[in-house]
């Protein structure tokens, strides 16, 4: 039986979500997407130029990709809701990633405003993916509010610092019955592997791919890391011991 | 141009070396090997029953695989040398992994005896891969003694504790002009990815695969992790920052 | 000028807060308190037996100690408020540590209910210390609600797992203009030293002292660790470098 | 009974060894030494100007301090031995810390040459403290050669990167019956506390004190960290659990 990733009533082979920001040129996006085998791509709606005679970032997103517009730039629930509605009205579908950020230094998500936006947009028929701190009670409230998944941050957006909130993410994985997608802070493929091994359902990676000198090869590296981590989780990890255990029986060879 | 792994004058596609110990049954070895895509397999010569009417572990190693006999069980240079010679005389080729261990608790390698064995066996035409603590001067001496690669341990054999000697392995990668293959202590695919990202040439994994409830799927997970880490190394990692950096410009959307 | 710790308008020499739970016998509390040099002690009000002919835990708390009753056992704001009021009415003063926990597995604090209790109790004249997840926005809301300090958890209560939420605690230290007191998860004196070095104002330690085979000596160890970390913070840490730098000039001695 | 540190047949109250390098001015050394309460100070013999009309660094070392001259600058056993002999002949006593370094980038110690020097100098009546990588077999050889203690590095000299070789140091603590003194790489007081908690006998700190903006206060911080870690080790640490354990019984207060 195939191990598919279900999100918002749809099924995906890939558990790696990617983004469209920070590339030196948007023209590389199709190749990066192809190398990543990602089937879900997030795009900041404010980057979409609806009236431009030039090509918009949307033009570079391959067909058959699930678009995940995000509300980047929103500073409260009201703004997030408005962006989501513009997105849907513009034909970008009903998936929406809620980002509500008013802290300008660490770009941390505002949980309370995110919860309000999630509640209203879920009622309005959106598939809502809130980006939040890993917090058990907030996670439960988001589930009650109709969220389709929880997107806890690994560490502050774009810092490439790896997973600094592991313990709390682990609690979400164990106690919240929704897909958990780690977003932000994944700096290396091994960071993605670590959270997938631990049981997270998917990862969203943007900066670490876009800021590599070779984004296409890095996208491929993340693709493999996410598959690896998922398979390790499914296979089951062996136990750690504090004492070395010989790989082969230690009965001597020569004097055995 | 293909990124091949050169070892002892041969070229390999795979950078994941595997082992044959600790499986519940040796019959699973062909499937695990296939899933791992490993092309180099280590086997403890003492596990080979030369006279048995039953099948030996050797019978389960697929053809076209580079055999890497090891001297597991040797307690000094003399014993390691003797095992190596028996191995070659028995038709197992001239690759040899030197393990000299006299510490029964942590199974740590004896650097000085390993160096002596490396020196003698290299002169005698062997392709010698010494298993040692990550130590710069020992690494240099091993290179001078003719070693084909250095195999530093990540942490004590079979402990599945992950990479605990990273800083010293990094020094070897930077300053020793030989393939560096991390051996022992790799407990999860993400551990393998971490050292490959850092520039290590290959990884040897046995316990973490063999002790998984599903060794075949775990072998596949390690295959992908090693490929991922290698590609990330080749692509180049982005820089860490201590301040969050927005994935998209922060000029507001709604009031922009 | 003396480096004093200001909390709720009072000044303290010690930055180590201790607790009264989990001791094999309450009779050891005076000695532990003395060894810790703690001046602020938290006590679960439900442990206080108001009618008992036997001695209550209160009887073991030395005089001249600032009592910090806590609302352990409260599952929502309403219960926390009620406990606080009983505490004050019983003569235990107006300091109150808010704990609102409804998760029975990881005992994580409910941020939203804690905020409600903080708001009401602050208006009612209490000195309120809320125990919460390290979250920037929640921290700001708590400050606006009148909190006297923020008590972020290092990791789940009583797990002795050390500091697992460092990055977020660091953000609080930098951006919230209130005393930050790390509570829960400090398993070893070095954990306390680490957060104090980073600029946290104080630490609350209970389990790690009470569960040591020698609580009095461990209390002394925590006393020194907190002083050490504070002094290191005040002195300023040197910079890390990735290349070794000789302690003395490397011009040779013998051939110099 | 007092917990004294025995080294070379002498007994010390303090388990913090300090150095004399890298200070902006040597004149601060007496105050730093006093604040650290260190009773053993290492000095690079090449920094001692035997003929200078100006004051030598020796003039700043308080009386009643055990001098620990080191062979910094030595590139092989022969040079180390010569420096040790000059040191003793100059009246600096028979304690000697062996540093043999020929790697100019990471300043890592040469174990083999250090062992040779240790052997010869021990026979010649010196109290020999070799600075080495944490390696079990080398440790055993050094003990057999007469070393008075083993000084494993935490990470490369002067890098302030903290303890990166913990697992191997732990093995030395458990299996080598000699004082283990962690030297190099201790960047913060909490690093010293961590190794002391684990059972190391003493720490040598130089760069982290000398490079602080306030070396005197930082010396005091290290003094407390070492005492703290030692006491925690003696008291015994509680166990970690992966599930939170309430500090007080969870029977409800209000509805109890």
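Structure notes:
Each chain carries a letter (A, B, C and D) given by its place in the written order, and its residues are counted from 1.
The rule is simple: contacts are C-beta pairs under 8 Å (C-beta built on N, C-alpha and C of every residue); 3 or more make two chains touch, one makes a residue touch a chain.
Chain identities (UniProt): A, B, C, D = Thiazole synthase.
Note that this is a predicted model, so its numbers are computed, not measured.
The chains that touch subunit C (Thiazole synthase) as well as subunit D (Thiazole synthase) do not exist here; no chain meets both.
In terms of the distance between Cα centroids, subunit B (Thiazole synthase) is separated most widely from C. If you average the Cα atoms of subunit A (Thiazole synthase) and of subunit B (Thiazole synthase), the two centres end up 32 Å apart.
Remark: subunit A (Thiazole synthase) and subunit D (Thiazole synthase) have CA centroids separated by 46 Å (rounded to whole angstrom). Residues of subunit A (Thiazole synthase) in contact with at least two other chains: 105-106, 108, 156, 161.
Taken chain by chain, the contacts form a single closed ring in which each chain touches exactly two others. Within the complex formed with subunit B (Thiazole synthase), the subunit D (Thiazole synthase) residues making contact are 102-103, 105-106, 108, 110-112, 133, 135-138, 141, 155-156, 161, 164-168, 171, 174-175.
Against subunit B (Thiazole synthase), the residues of subunit A (Thiazole synthase) that register as touching in their complex are 19, 21-22, 44-47, 71-75, 79, 82-83, 104-108, 156-161, 187-191, 193-194, 197, 206-208, 210-218, 220-225, 227-232, 234-254, 256.
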